[in-house]
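Before I ask anything, let me first share the structure, which is written out below as structure tokens.
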């Protein structure tokens, strides 16, 4: 499991299993001098914390973040920031069943194939709980970007087949909806659908949209490390994501250049685009417009409904997954998308500082 | 422009501008002992070569690949494989106009913002011609995978709004369609639409689908370097791609787990899945089914139709891009997707060799 | 402070300050299935623990390692192994003085220049205590290598100007000497010199030698990632190291090829070398002989003797560093060299698995 | 043979075999706007060119560098710079002998062990000719550093047992000595020794010293990517290097802190060090003094004198290596050390730009 590190200059390395001692992250490459407290990071974690509404698993984890290194007198020192969330709920539940069979839609089978065995308690490392480490790490990036005037925010665009109406959606509504859906009518409708889903012992998926505002033009490396390519990796690496698109995304496939191309115009002495079908990225480099990204989230795989599977002895079986599970993962995943995007944007912003020799010279001539 | 290297163990580093001396790639980390000839790589390049049908730019590049290092007596030696395509068409065209304004949908503006100036001849490094290097590098991966019984193939799934009918699509039809569309009826219809597009001085987009067959279960690192995450980066890094999805992709967002989850079953003593909504990846790790991936391709940005833009002096202008351009990039991009997927799959396959200590021990006990 | 991660396939990421909450390491890429316990790692840490002899600082840290993730039922799972040593001695010492001036031979000045300020408590991240994280991470590599029949061991070759006599040195003596010097006469003599050093309020340096036994031929990537090059980085990255050499090292500079070249010969059907001036590496690749490496360690910079320095206000001052400090760091650094070498060897061993296509095919044909 | 790429932000990827079509390098991450010509790079290559004095192999390669991409109108564009040296001398020499046995001190045996076979013509990839690619790539770094007032230069400190007298050595003498030895008396003496060496059909080694002048304090990442650690990897990765030391290096092992520590003092309002035993690096970070580094070079392994070896059939044999070879590699390696140091310094300088948030904010506030 190499591949627990993300980023080049701003790097996060996560660790931890669902029912081990804890979940954590080491942030390396955070510039010195950022005001940062456990409370600031906690705000992000609270948005993915389970047990907050009837649409999320009732597991009660306080999920209190603790800093173990990297800050001094309230500021980052430039040294690695180690953060940990100790698991409180290490319930000695009966995992003997789950240990022996493969849950459909989960990584039980693939972990066994890859590693020969697995920590089956609550999904181990493949649990959605793994994302807590990312959120803590990405929260640092989000706070640093905010201090530079760059804002990253995400929300539920669609849940259980209900899509928000852009005209009714308002950013300030995001936190008013238990589903983080900024069109509150759509939010209510989606809640109803989720109730039905739960009655049917089933689960639903949805779409998360993320916006980056205030990013200067010129960020992104134009071949394999295009800004959109790195964002795609970052977002697709979140457990339940099955698709990622930028700007018009899959809609672009059916359009024509005459309507898809964004015309340039002047706004005073500033170059602007009259539309943003491109989602803020041209040739892999930010163009100064909002970055617009969407992620498709699959339905939560754990459902109570009967499913067909096999066990480790090669027998076909019918299973009913016990316990209560999130009927939809989308609302809790909103902050995961947001922080992964923030981590990517910061890393690429830092990378962009060496694009021009004249700027490098000015930097060192200070 | 760091970011011209892709992969960890199997790495490709590309270079070259549209109208410079050539385009090339260095492949590092290719295992020793693969039978490889210029002819083998040429087959892949021929599929993206311009000027073959009326739907692609008539620029006549022979695009003959030349090996400069890395093979000996017909086999790879394990040392870096340097390949080059010399540009024959270094037309001293009049680029004075394009040098001064920003073409909508192109990277002219963002390159200027990032680097301060740009090689404007034919788009320089941001030209679609950049992909020739990727194709040559990825072709090596595809050939190596083929020698191990792993097949990677791609085709046009939709063009100009026409989507293939899965029932009518046959793999052997891919090469029979000038658009690489395996449903030949859809292919004809798409051709008609393209003709109209060209008459309207406009361009169209489409969707490419790629399948990986024969990949063993257990490939992919399960957090940030999930197999789907690395594939998403690889494919999104191709110039015109605006979206990537795995398996049901964005469809999954509107579905329920009861229908989306793939049930496990036994086929003799082998674990199989009864469906493949997941697209062959569970928890970021291959599950032994086909990998299924789709990429959304935007309409070619260069069109003859009048467009609004600005120039480097900050003046708003109307432009008509001269010359003939591809009315659709999808057919030529098919092999680009295919080879980028191959490069990713091989790299992750190599990474997976160290997942289990018992397998490592057997390897060195030979 | 990116640069807290070492290795490509077997990666260690360390964090922690001398007087913060703790010191730790995340090991990513450790193959699944290695039997590993906290006790096993503790054995390595005990060898660098302070306060054991009169030649090391009396700071009493129990340095008990705790696993937070990555093992299950006594075996590594393939997921990241997070290990932590909580700092017990967070003495609220008076650091107001050290906070304001720059200790000669320390990183106080350079940290201030790089980051603008620093966690001055006990040296913060630049403290020798940082190496505890490396030792824990490298111990995992050493144990894995041991399970494959590859042994890594180090010892003091010279201390305070006293060098061991190879004829009197015996591997089993290493642990009998408080200085880890395998020639016990030399060890006694070095102890006497250290006593005089301490009386003079001064400190001494020395040389550590490390041997790798049982490594197969063929390990190492032959250009920039030569086995010796990666070992040089690994060992030079240890705080007090000022030089690294392989085999005859600097002696080779004054020799002739007729005596320096190692002749090949047959030992039954095995190719062997009649001598090992090369130190087990030819062209950056292991040749099957012992790897032999030496590191030059500078005298501990903290001494009680008066020294000249400056403070943050730009005033020249005379300082006497308070407290007791190690009069020599060499014995405690022995295990640091050993474990860094182990981490490097394992990483390169894993890298070597993809050198040959025929071996890859056999691996996947199992 | 992954491991053909060096550097993180400024990256060089080399390729090519001694008797293949050519040798080359791709430089990725070079900032846009550097004035660069083939002539500038050629100056560096000329210093390692064979056949210039009686102390180097008479192989006549013109070694004319050609740029294939990455510059436009005399300046770097920020895109990858591809450079190639076509091999003129692809003599169809009789390599049948060398193909079958293992030359002592060469990588023939280890390549066979690693890859199963090798391109034996002139040593293939393990030839000293491989360094031409590094020199071309590092020359770009050296030129960029020069434009920022940072100077990197190297010279022969010892050859065949003759060491320069620092008092007689003058930088301006370097180019006056055919051995690049700045003490001309020592140079003459070394020449005499080399003549005797050649008569004896033997070869000699030596020591190269490299100085970096003008590097600001604060460069280097303080754990695994210490400036000295990365320099050690860079320099040890050069074929014949057996040891690397910084500042007093191995001398430090026998010294005491009271004399080794460099005292700080004020020079006007600037902090300076009164001595430079540390070689310009404290805690892995540059301190503003000159960086001082030395590399130990082994005697050229190819000698005419009879040697014992084995062949691929497992037979013990006596060999006499034919042809004329460099009796010492040191003079030609001087520029290799210099350019590898330059590449490392530039990469770490670029890395250091993100150490402090306040500096990042100023950069983007422009």
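Miscellaneous remarks
All chains are identified by letter, namely A, B, C and D, in their written order; residue positions are counted from 1 within each chain.
The rule is simple: a residue touches a chain if its C-beta (ideal position, glycine included) is under 8 Å from a C-beta of that chain, and two chains touch if they have at least 3 such contacts.
Since the structure is predicted, the reported quantities are computational estimates derived from the model, not experimental observations.
Listed by label, the chains that touch subunit C and also subunit D are A, B.
A comparison of the A-C and B-C interfaces places the larger number of contacting C-beta pairs at A-C.
Chain centres here are Cα averages; for subunit A and subunit B they lie 26 Å apart.
Averaging Cα coordinates per chain places subunit B and subunit C 44 Å apart. The distance from the centre of subunit A to the centre of subunit C, each centre being the mean of the chain's C-alpha atoms, comes to 38 Å. Contact of a single residue of subunit C with at least two other chains is seen at positions 1-5, 8-10, 14, 29, 32-33, 78-79, 114-116, 125, 216, 222, 351, 355-356, 358. Those residues of subunit B whose C-beta lies close enough to touch subunit A in the complex are 1-6, 14, 102, 104-107, 109-111, 113-116, 125-126, 130, 158, 160-161, 197, 200, 202-207, 216-226, 228-237, 239, 241-258, 260-266, 269, 271, 274, 278-279, 282-288, 296-303, 305, 307-310, 314-316, 351-352, 355-356, 358.
Of all residues in subunit B, only 8-10, 29, 31-34, 76, 78-79, 144, 147-148, 216, 222, 349-351, 353-364, 366 touch subunit C in the complex they form. Remark: subunit A residues 1-5, 8-11, 13-17, 20-24, 26, 28-29, 32-33, 66-70, 72, 75, 77-82, 84, 114-119, 124-125 touch subunit C in the complex.
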